[in-house]
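Listed after this line are the structures, all set down as structure tokens.
What follows is a pair of complexes built around subunit A, which joins subunit B in one and subunit C in the other.
Coming up: the complex of A and B.
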């Protein structure tokens, strides 16, 4: 959604025409349901109405599942095998092996981050490819990663994971001296190891952040994040005394899950509704959030509500710490909230909403770097400006 | 250690002490660098424990450790390169190109791996191989093992060379510390302009040299000196400045806000600069920084590279502070009744808190001027990455919190 006109009415019209243009190829595939005329359908090749695939993974991994959502998810899962590969991408669809299937099977594992799943899927591409030269292999991988990125343009860590691995394949010095087969096996081995790296990254982040959690502090967290949970778990295990304020994380209530996990660890935890952030900020010593993606500006893209929490914390002079693995660093530079393809999700309001009423269904927002204090990553404790430095060093 | 005042003097003393440690340390034939690192670290731990607030000592210990690692690495790569050359000349009669290529490859790989152990972790190294075995001791021995005939002679010469190189590099470090004033002062002309008004607080040798260097270059400007209670080192600075012919005005600390609207630039020294760009500075500077921010006056901090500390400040107002004697504030004769523990309820009614340092958060600092040039606060981490290797960040933490930090140590390096 890079080109936006000033008026939202024009915007909507334009989008409608675009989606009409895009509709015919979609409706050719018999399995997919008739696409809704929501403008964002084109961002999301996933046939199951307008929920982003990225969001589905997230919901499956993090959410406290509502019955309504469960039904939809069920429908999505049953439809996926015939729906997804067909609609997705021409280049891979012709072959028996599909990188997207591979990715989907990996991402179902609850403890596996999306970037790791993407890299594993790309490793499977290497394993299955018949290329005999490095160049061919690279082209094939490029195709696969492009299709993977296109399949779910809303997932940042998927894109970042693909980019990181492609960067490794095309630019790494370690492969220069080797013959093709050993290079191939080395690539596969590295990709397999990446899963371990991601788990280790969480441990490192947890260790690094321990110094910042002092006895008697109050930490506010937003939504559910595996890294933040690991951080708090480590702090609790090292006998630190602290309490946690958990936001509810509407509409998928991921905060409830985090509060459950924390209660199991005997950490004093208080649940807030999302609108009580400013009200309670006075008592808070620091804000801890995870991130879906860390962008080039040093800002983060995270669950809806992070931005306002950071704003409130900033205006009350409380530090905002971000815990994120380094493979979430993405080459994006959003200038404002609407710059990225929005990840949409269903929202259950409990009462029927008249069809005339529009509903904001975006699942995440962008927090600019000036509202963040420090980022805890497996590369160390970083200020937001370091992120762009790292990314430039890697991709320049 | 406590007898020495000022981080520059302490830093130099620490570097000199470590140099003598290195020169007296007997090194074994294998793993020389490892032995040296252990020795330096042991002494370093003691030094840091003696005065944890003097961060310059820790910085110097880390710098020296980094030097040892670097020298050892460059020597090892040189040795391997030499080995390859000899292998290539040997290989002529064998007509064995394959083997030759292999050694070149392994040398390159080992060098790359060793380099990556020195580098701070980055995205680049995330996916690349991090061979755990290819650390310093390994490269040393592998360089030595395959050398063959001139083994022993070569080895002893290498021992001497490693030590010699390290001591040379430490000498350079000491030289850097002594001359850092001059290098910082060289940049004065770029920052101080004609007819400007400069404000400073307390006394700092670096600031004195900086201002004097600008005066030497025929800039005429006026200096306001806040006296820097309770030690009133501003008085000394004012005296020095006047002796060197600068227009000087002495003000009380509490007059800073009143005067700041007339000031073009605040130039101060620092006790230490933390990794996030925050500054540990003489008490009172946070107030000056806030006043400068309020009136959009540039707040410039001068710091030699020995003051760059690779740690992040946690609760710096308390943990990195030093509470000095009340006698600097009060005359004991007059106030001894109020301070008496024996009277009344058992605890005195009057408490005196005399912190030595302030923490100035990075967002209040406009510019750092170090011996390598001017830098933004958010850029300090990059300088720090150049000066220290990530292994050494927890020199002190290992005593303080035992197992936890050594675990972290392992974690960072097993990756």
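Coming up: the complex of A and C.
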């Protein structure tokens, strides 16, 4: 799957774009935070149970980048060089390197998707591993990925990213015949390659989707998706003329943020309230959405409101395009809206709601594949039914 | 749930439209669709396209290959898709067609992954398929050249029709023939027959003559069998992709063309070989004459008396055959396991005759057993797959093995097949399916499927609170057995007949169905009535889950339930046992103008299936060919 990644379109141009995207190599060397014991890492560090950690992360990321974040990032970088000597007490074998801390440090970068952060963190696990046999290494890796998945069970891309990483890194028979050190270095190499591909994914998708955006078109988007933003940014940079209809994206108003970003790029934007989707659909040429997760049926799980937008678009014969990195492909198969783990989110209605009134707090919905036209992924442009084929080939 | 795929008319043109608009206005491709196809099919790409790369469009900073190039000159992605669509798709290149069909979905995916305006478009290709049977026309092209049986059916049907001398025969004949040459010959034949009939001879003689003429011409029309076999072989092996086994193996893997029971000469030949002497039923239903139908109940006593005297058949196999015949063993898994265990017995008692090799002789032996079993009851697809597995194992036995070792090898292979492909597979299916049952669900099932029963029982064991609606139908009323077992375990059940399906469906939240087989286009081939249940469920937006072990998957494509099916005893639908007062058809069941149709299976189109639960996980019906492709090899060589 990854060998066939469409990343060749990026490889062709070995210029700044890629190297800018890629993190500087020194930041890849892991910081060694104080080792946590396994029970600690296994506990869900997320105290607020009724709000999914995934949405906390999103909220943190999608808020405007502040100097606060920059300071944090700075701190993270400066901490790194002396991080290594910091481990004056080397972690005892069997006591795993804390993958959560690693993950959190990666996660702080707003441009880095959660799954990529997890992939990076897992790569660090391999590097820091004290194991002496392949089996031990694998077990440790498994533990780390399990604890990552447990950290936020509601995030589909996190789970999927971890699973894919495990498959990608460990799936080979040749590993068994090599001696441990070379096998390990091969694993690390692979892990880095995987991280790199995942990093480049957004760029690849942006490139692939350019041919679908034509001059004078009107694009409707929903919510804030970094991939979609990248797609639109690339289109704007290549001097395409198009306008964008942004939904408001209640309750966290992610659409407002997207419209801000687009306004900065001088793209004509119109902001809609979420209920105006059908009203404006007549003028729209295509619908572009991101995805929290792409499921096995080829449908997507995304921010609440995507399903109804897709339904409206479908009934008016407008194409619905999904931009999603392939690390979001998950082995899930929801049959209907209720058939998935709900990600809950508080909703602020502005006025007090009587306690007798129930509030639907689910944050995302499932869009079945028949309402989607194409999926833009870093594996290429896929029809929904191919998603399952890719997943089967990868997992089985 | 809704159908998985939107009707093609909605989404495809959109893809095309978007691509179309991507083109800068100076691009010269606004011509009519057939022009575009033509430019694609004639391999040198239009020069205009080459000279205008999309640099003018400035796709900064990387270059994406301009969308309109039809030939494979730019990027790997493009080249792939070009391979999927062979530039020269002539009617004779079966292998190409079928290969393309096998890759069908992949090809569609790849071609739609071409950004923007595809140099050609699938929809347009389809529309032009009448002139160029291009590979874009996936399923249909497969059906047309794939089973040899179908083309024969065309001929056979024509024979019968001519006998009837009905006017309808012509239209039907036209429909079933494919090649133009063939159509021409048929027309000539019809003219000849008509001339003879008018020539003042008695009708009987005329029809006889016509039939004989038809026979002759049918034979002459048929390409030499070897050629046909070859093309089929190539087609079959193309599907597996990758490394092809040597020619010899390929021949072996191709299933024999199915018998068409309206082909008189072949039926005669088959009869001479047969162990079971079956009397054919006389009133066979239009459209289903190619399927075997026998008078029931006549042969069983006679066969039972022969139990101790026959030499070629192993008693275990004989017993299983009789059990099939009498209906004591039914259900895909049960029949398959019974057959394999009988073969195990037979192999245990087998000894190689002098001057023969085990591999060859045993294969022939198994072959004769299989044809006996077919005479008792047509094989199910699952059994066909199991036989294919066994024959492969025999063929792959190392020559160095002694007879004893070989036999124990085969014995354990069969055991493993039963364990891994059936028993373990069912466990995995249950594990997956249970995750889709939640508290408060109302599950509907139709007939009696062993896999579904296990799912329900396991969910009950896990303490899930749900209710089951068992839907049943005449004449077998298999659901009652299931019902009894479920109620015995304390599951809350509702029992109804299929007539009430639309009434009961509104309270159902999930439909679980079993399947006899799942075909490569996602069609679920199952107990008759399943399609009806699935369609009603679909229209009520209830998800339909099909539980089917992967060994029942087959690479065949079937669009209807006519070309391959099984006919049951017509008497059981005309008579109700123990109810003399409503047996109104008693006297008239032998009437020449009364035709009774008791179908056993039907085909559910994949649109009505939300999910297929198999031992490889839960997959959409569109992914069946992937599983068939990826696992067929492993499946055969375990």
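Odds and ends about this structure:
The definition used in the following text is that the second predicted complex is superposed on the first by the 300 of 396 C-alpha atoms of A that agree within 3 Å, B and C clash if a C-alpha of one lies under 4 Å from a C-alpha of the other, contacts with A are read in each partner's own complex, and residues count from 1 in each chain.
Methods note: a residue touches a chain if its C-beta (ideal position, glycine included) is under 8 Å from a C-beta of that chain, and two chains touch if they have at least 3 such contacts.
It should be emphasised that the depicted structure is a prediction, and the values quoted were computed from it without experimental measurement.
In the superposed model, A:297 lies in contact with subunit C only, and not with subunit B.
In the superposed model, A:382 lies in contact with both subunit B and subunit C.
Annotation for subunit A, partner touching more residues between subunit B and subunit C: C. In the overlay built on the shared chain, the residue A:197 is in contact with subunit B alone; subunit C does not reach it. When both complexes are overlaid on chain A, the residue A:305 reaches neither subunit B nor subunit C. Judged by the touch definition given at the top, the superposed model places A:329 against subunit B, while subunit C stays out of reach. Of the two partner chains, subunit C is the only one touched by A:239; subunit B is not.
By the touch criterion stated above, A:161 is placed in contact with neither subunit B nor subunit C.
When the two structures are aligned on the shared chain, A:374 is found in touch with subunit B and with subunit C.
Overlap of the subunit B and subunit C contact sets on subunit A: residues 207-208, 210-212, 214, 238, 374, 380-383, 385-386, 389, 393. For subunit B in complex with subunit A, the residues that touch the partner chain are 101, 105, 108-109, 112, 120-124, 126-129, 275-277, 312, 314-315, 362, 378-379, 381-382, 390, 404, 407-408, 411-412, 414-415. Chain contact summary for the complex, subunit A toward subunit C: residues 6, 8-10, 12-13, 15, 17, 207-214, 217, 234, 237-239, 286, 296-298, 314, 317-319, 331, 333, 335-336, 339, 368-371, 373-374, 380-383, 385-386, 388-389, 392-393, 395-396.
On subunit C, the positions that touch subunit A within their shared complex are 1-6, 10-11, 14-15, 18-19, 21-22, 57-64, 67, 75-77, 105-106, 108-110, 112-117, 436, 438, 510, 543, 545, 610-611, 616-620, 622-623, 626-627, 630-631. Of all residues in subunit A, those touching subunit B in their complex are 164-165, 167-168, 172-174, 177, 190, 194, 197, 200, 203-204, 207-208, 210-212, 214, 238, 326-327, 329, 374, 378-386, 389-391, 393-394.
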